[in-house]
Amino acid sequence: GGTGGDGGDGGSTGDAGSESYEITFWELFSGGEGPIMESIVNKFNEEQPLDTSAEVTINRQRTPWNEYYNKLFTALSGDQAPDMAVMHAAYLRAWGGGVDSIGQYVDTGTFQDDYTESHWNLVTVEDNVNALPMDLHPIGVYYNKDLFEEAGLDPESPPTNWSEFEEAGNAVAQNTDAAAFTQSPYNDGFGSFRTWSTWVKQQGGSLYDEEWNPTFDSEAGMNIAQLFSDMTGDMGWAPATSEDTWGNNAFQNGSCAMAMNGTWYVAALSGVDDLNWGFFEPTVGPNKQQDKVWADGHSIVLPKKEGRSDKKSELAARAAHWMTTENPSWGAEAGHLPAANSIYESDAFQNSPYYDKTLNKYVGMAEDGDYFYHPKVPNGDPNAQNWYTWLVDIWAHNAEPQAGVQSGIETVSSGISE
Amino acid sequence: MGTVNIENVRKVYDGDPEVVAVEDVSFDIADGEFLTIVGPSGSGKSTLLRMIAGLEDISDGTIRIGDRVVNGVQPQDRDVAMVFQNYALYPHMTARKNMSYGLELTTDLSDEEIQQRVEEAAEMMGVTEQLDKRPGNLSGGQQQRIATGRAIVREPSVFLFDEPLSNLDAKLRLHMRTELQQLQDKLGTTTVYVTHDQEEAMTMSDRIAVVNAGELQQIGTPEEIYDEPRNLFVGDFVGSPPMNQFDVRLDGSTLVGNGFTYEVSDSTQERLDQYAQGVDEFVLGIRPENITIADDGAPNTIRAHLDVREPIGSDNYLHMDIDGQECWVRVPGEVKPETNQELSLAFDEDHLHLFRQSDGINILAGEGPSAEIPPAE
Amino acid sequence: MGLRKETIEGILWSLPYLAVFTVFLVWPAVKGLYMSLHTYPNKFDLTETEWVGIQNYVELFQDPVFYNAMEGTLLFVAVSVPALVILGLVMALGVNRDVAGKRTLRAIYFSPYVLTVAVVALVWGQVYSQSYGLINYYLGFVIENPPGWLTSPDLVMGSLAFMTVWWLVGFNFVIFLAARQSIPERLYEAARLDGATGWRAFRDITLPQMRNSVVFVVMVQFILQFQVFAQPYIMTQGGPSNSSDTLVYYLYRSAFSQQQFGYGAAMGYVLVAILILIAVINFKVIGDSNV
Amino acid sequence: MSESTQSQSLRAYLSGDAVRSALLHVFLYGLALLMAVPYLYTISRSFQPNELLRDPRPYWIPPLVGEPITFEHYQYLLNNTLVVEWTINTFIIAGGATILIVAIDSMIAFSLTRLDWPGQGVIMGIILASFMVPYYMNIVPLYQIVSNLGLINSYWGVIMPAAASPLGVFLLYQFFRDIPEEYEEAARLDGFSTFQVYTRIILPLAKPILSALALFMFVYNWNAFLWPLLVLSNETAYTLPIGLVNLYQGNIDTPGLHMAVAILGSLPLFIIYLLFQGQIVRAVQMQGATG
Amino acid sequence: MGTVNIENVRKVYDGDPEVVAVEDVSFDIADGEFLTIVGPSGSGKSTLLRMIAGLEDISDGTIRIGDRVVNGVQPQDRDVAMVFQNYALYPHMTARKNMSYGLELTTDLSDEEIQQRVEEAAEMMGVTEQLDKRPGNLSGGQQQRIATGRAIVREPSVFLFDEPLSNLDAKLRLHMRTELQQLQDKLGTTTVYVTHDQEEAMTMSDRIAVVNAGELQQIGTPEEIYDEPRNLFVGDFVGSPPMNQFDVRLDGSTLVGNGFTYEVSDSTQERLDQYAQGVDEFVLGIRPENITIADDGAPNTIRAHLDVREPIGSDNYLHMDIDGQECWVRVPGEVKPETNQELSLAFDEDHLHLFRQSDGINILAGEGPSAEIPPAE
């Protein structure tokens, strides 16, 4: 029998009552995550885990992440969207018009309990469940134990608060040739925002007001912006550069002691042979009022598509449910925090090579409720690099903190408006 | 049957409706005849030829090839072959392919027959050696031969040539001229040949059609054209150096020019009376070779000043001045008068041409002026 | 009858291209014009439209980001186009001379042209990198703290333009070389007898003789460089401090990141207007300068 | 004036010439070296292990002080990725587009130059004006059209829009216009139909320009990125540039792999370019001033 | 002073060191002389001229213009002006600018003086009306005149012309020929004129230098060249239709050819004895116009078959066949023998040329063979 392709009504074939469905699925994973996703899909296609008489296959298509949302947008505009797609949770509000609410096809009530609360909240926008959560990928601080030692610090007791953190950074800056810290190893806007917003929130600052006007110039916002400027200035923690690969190169070849980055960094670091690295929680911001750590997560959505039968949509939703709840490998091998409660107990997750190094600490932060989500702005592209390059400009001393923050507010508010 | 009949043919180009490229031209070409169309640039020679070929629509009138009216017939169906000025050989094909291509397309001859015809034509044109070369690797003369060969293999009933020799240098042009003549003698195919070179026309043709500004001026054998030009245009156009011309007035039996007089015989005067019809302003025409140097003081001679003497091999051209009017005289190489002296010039009445100033008609030529022949411009 | 047949034939022969051209180029452009006069309440369903007249255009002209992008584009064009034209000309005139190894030179000069922009960006990212880059490694021996080529707001556009010149100059070089080679040598001989050699011959013979190709190349480069996009998009994301933002990059962001397609399309049409204006000026100024 | 001063000045003149020639060679080859440096650097880095690549010192290949060489990046690409499939896809798409472009562009250029029918001028004008339309403005409406035609996810969806490019029409129009009319007339006397005139006369005569056009179009479509990415959704159907970009856009930093990607992605085009470079130059030359 | 002295000049092109383009050529050109260099294509005419102009280096030997050795002198400093075959007018400049450009660069004349000179030259060439047009908008003849005008304004001491008329059509060529001659008469400037057209050379020059394969064959007045060709090459090259040639053997006082014999007079035989030096294989050369049709059976005549008769205006060319050897005869237009018959041909001993078969030297010409003159190829 043929396959129910794009646009075909229901995608069923009339072949002696046994139906078959092909669910197209777009994702953006590359690097270490790509192969894991590939194996999950293969497993699905082999095991046919859904409780249905129909044959359901997932046709996975990967797009470079730079162009992923453009492609998805263009496809939606031409009614060529896939049946399922990976989406960062931050997009769920802005793209609300482009995705079907999951409850349209399945009873979300039956799913809810399968996921951790933080994940479930992640995908809920104004009481609407627009997606099923896959993971949470918060950030933390990765550090070089050898450099700590060289700087006269104890490599096995990394900083836990601002004063320790400051002391460690200064020690590295003074006692070694290396730089102390990078706000994002890719020196990109978005990465800088993860770090900045984490510390802003820890000071009790806010990022947006009720009307989604950016409030980056709150007192906390300005403080951290100033801190960025100081770190590459008076504090001498890092060179004032906006060069994109500086931090990554420096951290990986041992000339930078600390790097703030997401869960995914473990995969990259474990490929570097003679790097002796450790991890600590990023709750080390100055004047901390609360433990807050930036997080976003991947989720699976059902993009709007005319002519997709309800049956197929339902199968897609159930497939997404299976993918997000029955596959410990996603957390274990990709380093993310899995969405399903059940996985946390699974051997696969507990035995992950990263478990002791990073995962248990991420899990701990989750249990403490430390995470806040990357703002789900109502419009525009929350992951757009150019929304946040002002932070790099401040970091690299291309802009004064005051002016930088102002230009950030302008860029983001014009991006969100309309 | 290779006859061509042209009847009241007229051509106005779509692109340029102001200009009448060919105006009401009629003549017939006999089977096997070599007819040359000659005239200055822009006179409509090519247009006429291309209408015969079918490359241009005929605006008015009829053209027949053999017994068939060919107006509207496609070029390839007219049974004609054409040689272009720049040969138009397909640069990407070998000479052989150039020659065989048309046959392959339009006939159902076998490959062998075609190759045989090509080789015969090549032999005839003496380019057997060149058959497998591309046009780019051939000299001008060889290209000319291939282009002619391409026309020959078609075995058409009419050959059309549009200034086929004008891209060759003088020596080669002279040579190819005889080659083409011999070819036509051999094949006996009706040929229409366009040139602006009157010498080519004079040497090659059975008959010559002289055109000017789209109108037929005269048609006849080379001798007729040369000896009895119907009008001033033809007289002037044919011959090199050109015919000398002097404005004269008829006064009784005397032609009075600027700085000279000339007595005509009684018989000529009779003829003048018959055809001149009261007109007394003429252009006296006399060809350079018909002037001789006479003894000083001989009767009926004209005094002239010798400016320049140009030897051209066997002859000498004398560039003379008759009271401000220039005059060419051609004398044998042995006659080498000193320049810058006064000479007496004589000429025979038989060689005299008299054109009416009003319309250029030669009143002494042939049967005398007839209404058919248009006046010269 | 001849005419009618030729007309039919002419149209038939044009049809395949015209069909493709109309469907895949003209029609989208017309749709774009339509879109520039509308907004889309639901960004993901472009069948819902709302007529706004020229509002998108009005907003555009009040948009500081647009002006900044325009400034960046103009700067890029001002650096890259003259360099592309002049360097291409110099290379062509040099190679046209009596030099050994013309073929090799020609191959090297043209070869970057075949690279895709992503590769160009990749390669030059390595070359330009401030602390790991090739340039600064060697420059480091000469001066202390060599600058960040892509990270200094003052240098970034120049660096992108320089890279672009490296990438594309081969095209101009080939065209200029061909144009130079088709100038008859006899003109230079006449000029030598007239006493014009060197600079004079260049000014009075070479340049006027190459005018057509200069016009062509200047035209093409204006059109292409005004649409610069991939270089800042891949390498700098418009930074630092928005100093490498360009019109088409902004158009792209409006259309895709912001899903404001009408706004992007309006920008596109402003760009079309600018290019047509430049084309007209170009032909007026260089095209018939010495009538 | 004595002969000795004569010959002295002659010698001075000659040596002046020699110096000038030497300077010219130094300049041209210096430029060539500068232009080649980014390549050499890229090639050399693609053979270095990742450790070396994080060192700002450029280790040139061939190694000066015995640094290690590795083929691991290339091995990885060939063994672990679909690079071979992508290459084949790219060949199909770029080749298909090229063939289609050459076919339909030459047909319309033939019609516009060799056949006479009303409206030709207007059509040529529209085609020329379409040069100015920014590519990115057309993408969204174009996608809707392609999608309505059901061409998403098919090679045709990539090929057809590529075939709408006006460049080829423009180039061929110029060239065809200058082919002497006599060939066609001779052909008509030989009994050629319009189709035969096109296939047997015009196309062979235009071979150099057609191959130059083909090369330009092949390069262009080989390098095309955004549109094939939007249309093609299947990794196995990706073209080389998409596949390669997909590869190196990980969070894992593998500079050596990037360099190998750059080399491998460009290599086929370099080879094709070297094979055809004579053709391009000849074609551009025949275009004369390319006005 | 417009003299030009060429001494043992030799030229080998760098690009093609195998070919000696000009080999040890020496001759002098007097002030005000009009010297034509003539020869077949590739014989080195242009090379010679371009060495005088300074456009090519001189490989060996010396060239003097006036009293000055010009080897190594830049073209603009040689006080020469040149007119090129295809005119080499600057297409982007008006005719006026074309003419004034050189003056502006090389002299410090005021603008007014320059404009005055330009206008004088234009007047002289009759192109005043065309001064503000670009070359592309001018006819061939007008372009030619502008190019000549560009040379005139420079007021050089030597004019150099490289086939200046070969791009014009026959009629215009004839016309421009006299125009150039008159110009030179008026200006009296030394002129070196290159052509491959022997007729042009014969009509225009004070003296002619015939070159072949880079070597000077003969230099002399047109009459000398025509009447006393030093060798077979010169004899063959000059004259149209070309000189008839027959291989003969001297047997006592009889020249025995293929199908004919010819008795020479005693005085000729003496000369033969003096110069032939035992050689007895010759080429007999006789020009077409020196042959007459004799009565059948007259003594010392040759029987020939008449193939073709070509009328060219005033004359008839007869294409004859003497036992398989072709022979041209030129007779007056009145003489019109029927084709395809046997005729008797006679010629006068005075017009006879005898070339040694071994080296082509004409043993009857001038002072007889001298070592200086190279053998014909």
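Here the chain labels run A, B, C, D and E in written order, and each chain numbers its own residues starting at 1.
Throughout what follows, a contact is a pair of C-beta atoms (placed from the backbone, for glycine too) under 8 Å apart; a residue touches a chain by one contact, two chains touch by 3 or more.
Here's who's who by UniProt: B, E = ABC-type D-xylose/L-arabinose transporter; C, D = Sugar ABC transporter permease.
Keep in mind it's a predicted model, so treat the numbers as computed, not measured.
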If subunit B were absent, into what connected groups would the remaining chains fall? one piece
Please find the path from subunit A to subunit D through touching chains that uses the fewest steps, and give that number. 1
Can you tell me which chain is nearest the middle of the complex, judged by mean CA position? D
Work out the mean Cα position per chain and let me know which chain is farthest from subunit B. A
Please find the two chains that have the most C-beta pairs touching each other. C-D
In whole angstrom, what separates the CA-based centres of subunit A and subunit B? 92
Separation of the C-alpha centres, subunit C versus subunit D, in whole Å, is 16
So, in whole Å, the Cα centroid of subunit B is separated from that of subunit C by 58
Residue list for subunit B, restricted to those that touch at least two other chains: none
Subunit C touches at least 2 other chains through residues 3, 46, 131-132, 209, 211, 261
Could you list the positions in subunit D whose residues touch two or more of the other chains? 54, 139-140, 144, 146, 245
Subunit E residues within the subunit C interface of the complex: 50, 53-55, 74-76, 80-82, 84, 86, 88-93, 101-102, 105-106
Within their complex, subunit A touches subunit D through residues 6, 24, 26, 30-32, 34, 59-67, 70-71, 74-75, 77-80, 82, 245, 248-249, 252-253, 264-265, 267-268, 271, 273
In the complex, go through subunit C and note every residue touching subunit A. 42-46, 63-65, 125, 129-132, 148, 150-153, 237-242, 245, 253, 256-261, 263
Residues of subunit C touching subunit D in the complex: 3, 6-7, 9-14, 16-18, 20-21, 23-29, 31-32, 35, 46, 91, 94-95, 97-101, 104-119, 122-124, 126-127, 131-134, 136-137, 166, 174-175, 177-179, 181-182, 209-213, 215-216, 223, 227, 229, 248, 251-252, 255, 261, 264-265, 267-269, 271-272, 275-276, 279
How about subunit C: which of its residues touch subunit E in the complex? 184, 186-187, 189-197, 200, 204-205, 208-209, 211, 290
